[in-house]
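Below is the structure I would like to discuss, written out as structure tokens.
Chain naming follows the written order as A, B, C and D, and within any one chain the residues start at number 1.
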Amino acid sequence: MKRVGFIGLGLMGGPMAANIARGGFPLTVFNRDAAKAEPLRALGARVAARPAEVAAESEVVITMLSDVNALRQMANGPQGFLATAAPSKVWIDMSTVAPAHSREMAAAANAAGWHMLDAPVSGSTGPAKEGKLGIMVGGEREIFEAQRDVLSAMGSHLYYLGPQGSGTLAKLCLNLLVAAQMASLAEAMVLAAKGGLDLAPMGQVIRESGVVSALIDRKIGNILEGNYAAAFPLKHMHKDVGLMIDQGHLSGTALPLTGSVHQLFTAARARGLGEEDLAAVFKLLAELSGLVTH
Amino acid sequence: MKRVGFIGLGLMGGPMAANIARGGFPLTVFNRDAAKAEPLRALGARVAARPAEVAAESEVVITMLSDVNALRQMANGPQGFLATAAPSKVWIDMSTVAPAHSREMAAAANAAGWHMLDAPVSGSTGPAKEGKLGIMVGGEREIFEAQRDVLSAMGSHLYYLGPQGSGTLAKLCLNLLVAAQMASLAEAMVLAAKGGLDLAPMGQVIRESGVVSALIDRKIGNILEGNYAAAFPLKHMHKDVGLMIDQGHLSGTALPLTGSVHQLFTAARARGLGEEDLAAVFKLLAELSGLVTH
Amino acid sequence: MKRVGFIGLGLMGGPMAANIARGGFPLTVFNRDAAKAEPLRALGARVAARPAEVAAESEVVITMLSDVNALRQMANGPQGFLATAAPSKVWIDMSTVAPAHSREMAAAANAAGWHMLDAPVSGSTGPAKEGKLGIMVGGEREIFEAQRDVLSAMGSHLYYLGPQGSGTLAKLCLNLLVAAQMASLAEAMVLAAKGGLDLAPMGQVIRESGVVSALIDRKIGNILEGNYAAAFPLKHMHKDVGLMIDQGHLSGTALPLTGSVHQLFTAARARGLGEEDLAAVFKLLAELSGLVTH
Amino acid sequence: MKRVGFIGLGLMGGPMAANIARGGFPLTVFNRDAAKAEPLRALGARVAARPAEVAAESEVVITMLSDVNALRQMANGPQGFLATAAPSKVWIDMSTVAPAHSREMAAAANAAGWHMLDAPVSGSTGPAKEGKLGIMVGGEREIFEAQRDVLSAMGSHLYYLGPQGSGTLAKLCLNLLVAAQMASLAEAMVLAAKGGLDLAPMGQVIRESGVVSALIDRKIGNILEGNYAAAFPLKHMHKDVGLMIDQGHLSGTALPLTGSVHQLFTAARARGLGEEDLAAVFKLLAELSGLVTH
């Protein structure tokens, strides 16, 4: 079995790395906050002291980090893992970053003799634990095919999208729908409430209609229960929508609806809702329309 | 069984009236274009020459018309059906109109001694034929309860939302999600295409994710096949989004996302896409972003 | 001199009617709140008890009312002034209403044997008092030419725009710029403040640049002084922006920027700023961005 | 007199550098395309072969470049001018870049022992030639005061806004108004045209109203004449509006109107209008609304 390294053991990375270990791959991990590596040690993983050490022990290095700055710190520079001599090593970055940043990372990887795939995921902590994520992959097709075994330990649906940057672009396009469904659900519910409707039957109408998705079903629950504990923190979606807007700017794609969604999430975060679930955009809209909520 | 009248035998009204006939209710129908009444005559319905004649023959009058002007013409004035002496007759309007217009119609009905329900539907021609529409009802609860038999002939899900105008408000809130899902899907697909992704795998990613709804699944099909034959004409959605914006204006509800969607549909219609399916908003966005489509 | 009638003696109508009186035209006035007619009586005007009485005494009837409902009440029905026998009388409506409503009023007027001009104004209470309004006129050109004397008593700039409804359309287009300048000034000032800039030098930069207009100069003053006493109440601009959106919907004109402005004013009004000056949109945006203002 | 260096001799930089020369300051210039340096040589300037040579000859180095990448290439690295030993040299960057990039440049400058001012300008090529630009300055106040002589050779209005990045922030806020005035003028004119109004009288109404600015007056001329020769290329405004959106994202400022403007300029550029004047956004909107223009 391939020796695998994993850097970034957060809410998503932790369970994903655990599935690698459970899949029987010899695993070396690194996390800035070392405490988060302990559950992996319990599964038999080796815990490295530095990113470069992960690379030295592994044929494949997986990263799952919060943004491009974290990636640059782990990968580049004399301390970065790319500095490790690496004939034909493979870096699989599963973070959600801009396609331009995926290509920047790929160029750095290639220059250092590595192969690179961008492979962000669809699905939140539940599917991450169950190894049932969707994984959208950009890079050379042969490299993708050669890594099916590793990727399959984490995901049940693997998609090959095209050259480097294609995985992260597909992820942004998918998240565009997440953001729009959340914001439009919030508008519909506030419009209903301001017109005097009870939200429970309104939610039932939506849930039994042709527009319901698994996401909408869950988020109706959040709104009806007034439960905004973060499954997906609003500030992360704000970051992602900003990446969509940048991508639209650079690729010459007009995104009028997403432009409005971006400003909504900016306002929600500016008003202190960043740590709550993205469903808290309902609270921002309710407030904006003078609706008293409980 | 109650004697039922039905006015407005279009794409939706025709199959809905047919289900009333099949349900065993003695039925009288009227349509401005009389040819459309013939299939109902074949089912045993009486074809009236004037709206007032429908009312004279019926205890319950159902209308399914395109807009408030059509409603006013059928209901009001010396020729309108409300002029019929009507102790305790019931008018069920199933058209999609503004809540304010539902209340205007209800006031006219009440003044003429009628009861009134606004009861627009969720679902398109398929569910209409099968009698499996969702029906959102506003008006007095007892009147709604008393009409369950008639409504159940057309719909499998009946919802009581509240006083007059509540049914049409719920319908607008639901359609807000339809319009937003269509427009955001179009943005996601154009963003993907402009970035060089093939739309078939992108569509597959979406279809197997948590944002997929029956609507999105169908509309991905429309885009991939380049098939814009109208299941729901874009011009009708443009009208409906305009009603949402009016409702937001009147009720003091900020709808920034829907405001953007409104302008998109206005542009799409202005550029000649009104008679195509609402999925044609993809063509508008593709054009707007300089994407050559085939 | 022509005998002139004037209906609607509010903040704008009062001083406009006074200029008619000062211009030497025999004047009959009506206002629902009769107290507001007293200053006109002091200038020699006759005060009528009913709209119809104004028409009976006058060759030209001017209206300056808040919306189309007020117009309909004054003009139509058995009590309305149009009922007066009127071979070749002229109605000049100077209210800001939708072009479609101007045409509706014109049709009613023509049916009653009257001529009609729609002639809304540019400028606020200052120019109204000085007789220096801009007046945008729609209707038949000969009727416009024949009323230059009356219009010149109120305005220094007369514009002939085209057939009935053209005056109110031009007014909406002009007000679109007022609304956009106010909203964009508010965004610029909040963006500056959130980035740590003092607003006084920022205001000076704008005032000495190529984007300054008389409006922007005044509104910078409002923001710097925190003075939101209504020169033009925000709720009236909200109404006007709603008319622009309706006009765009009906005429097939995409107005993405104005669509956003509409939602901003809706939110500002929903949050209780309707009676303040339209400059209070700055307060809404500051709040929306989490800026503490004093 | 101080010895001054000037890097970047484009449409704006060329005439600005010429005014430095005419002001009697010993001048050294550099431009990647050396041909553009010839007019400065004719005014007595020394033409350097490399950026570092400019710094070696000068106490003050001015840059006027198209974006942050150009700045980084000129300033940083072993070939960059900051590498020159520089006790107390001053770098004045007059480019329009993001405030965050101004601070990045300032940090690099300070680390190299330089002082730094960000000092972008208000006004186009006319004021640049006449030395009548507005100049918005961020940085230490004493450094600003010490450079008044140099800045006054180029500008008639000098503004001190605050610490590093304040000048470029003020510039973005000012340009926000430029972009909004242009886009709203385009919407107003298209709304007028679609409603049947002639644009010449509509333009006159605006020009004689309280919303007219020098910018609006000029741009009405562009639209009426169908003249879109670039005074300010649309693609540059697209870049600037993108910077505003980024700044709003980072500083937590909701910019709904500017968000819409951003998408409009993206569409205009995507449809091939980038090299035309920013007034060409009128053509995009006209097309979007199905208006045939000549």
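Following the convention adopted for this analysis, a contact is a pair of C-beta atoms (placed from the backbone, for glycine too) under 8 Å apart; a residue touches a chain by one contact, two chains touch by 3 or more.
Given the structure is predicted, the values throughout are model-derived calculations rather than measurements.
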| item | value |
| --- | --- |
| Subunit C and subunit B - chains in contact with each | A, D |
| Joint neighbours of subunit D and subunit C, given as chain labels | A, B |
| Turning angle required so that subunit A lies on subunit D, C-alpha fit (0 to 180°, nearest 5) | 180 |
| Subunit A and subunit B, separation of their C-alpha mean positions in angstrom | 38 |
| Subunit A and subunit C, separation of their C-alpha mean positions in angstrom | 51 |
| Residues of subunit B whose C-beta touches two or more other chains | 248, 252-256, 259-260, 263-264, 266-267, 270, 288-290 |
| Of all residues in subunit B, those that touch subunit C in their complex | 238, 242, 245-246, 248-249, 252-256, 259-260, 262-264, 266-267, 269-270 |
| Subunit A residues touching subunit B - in the complex, by the definition given at the top | 99, 122-123, 134, 136, 157, 159-163, 165-166, 169-170, 172-174, 176-178, 180-181, 183-185, 187-192, 194-198, 201-202, 204-206, 208-216, 244, 247-248, 251-261, 263-264, 285, 288-290 |
| Subunit A to subunit C touching residues, read off their complex | 256, 260, 266-267, 270-272, 288-290 |
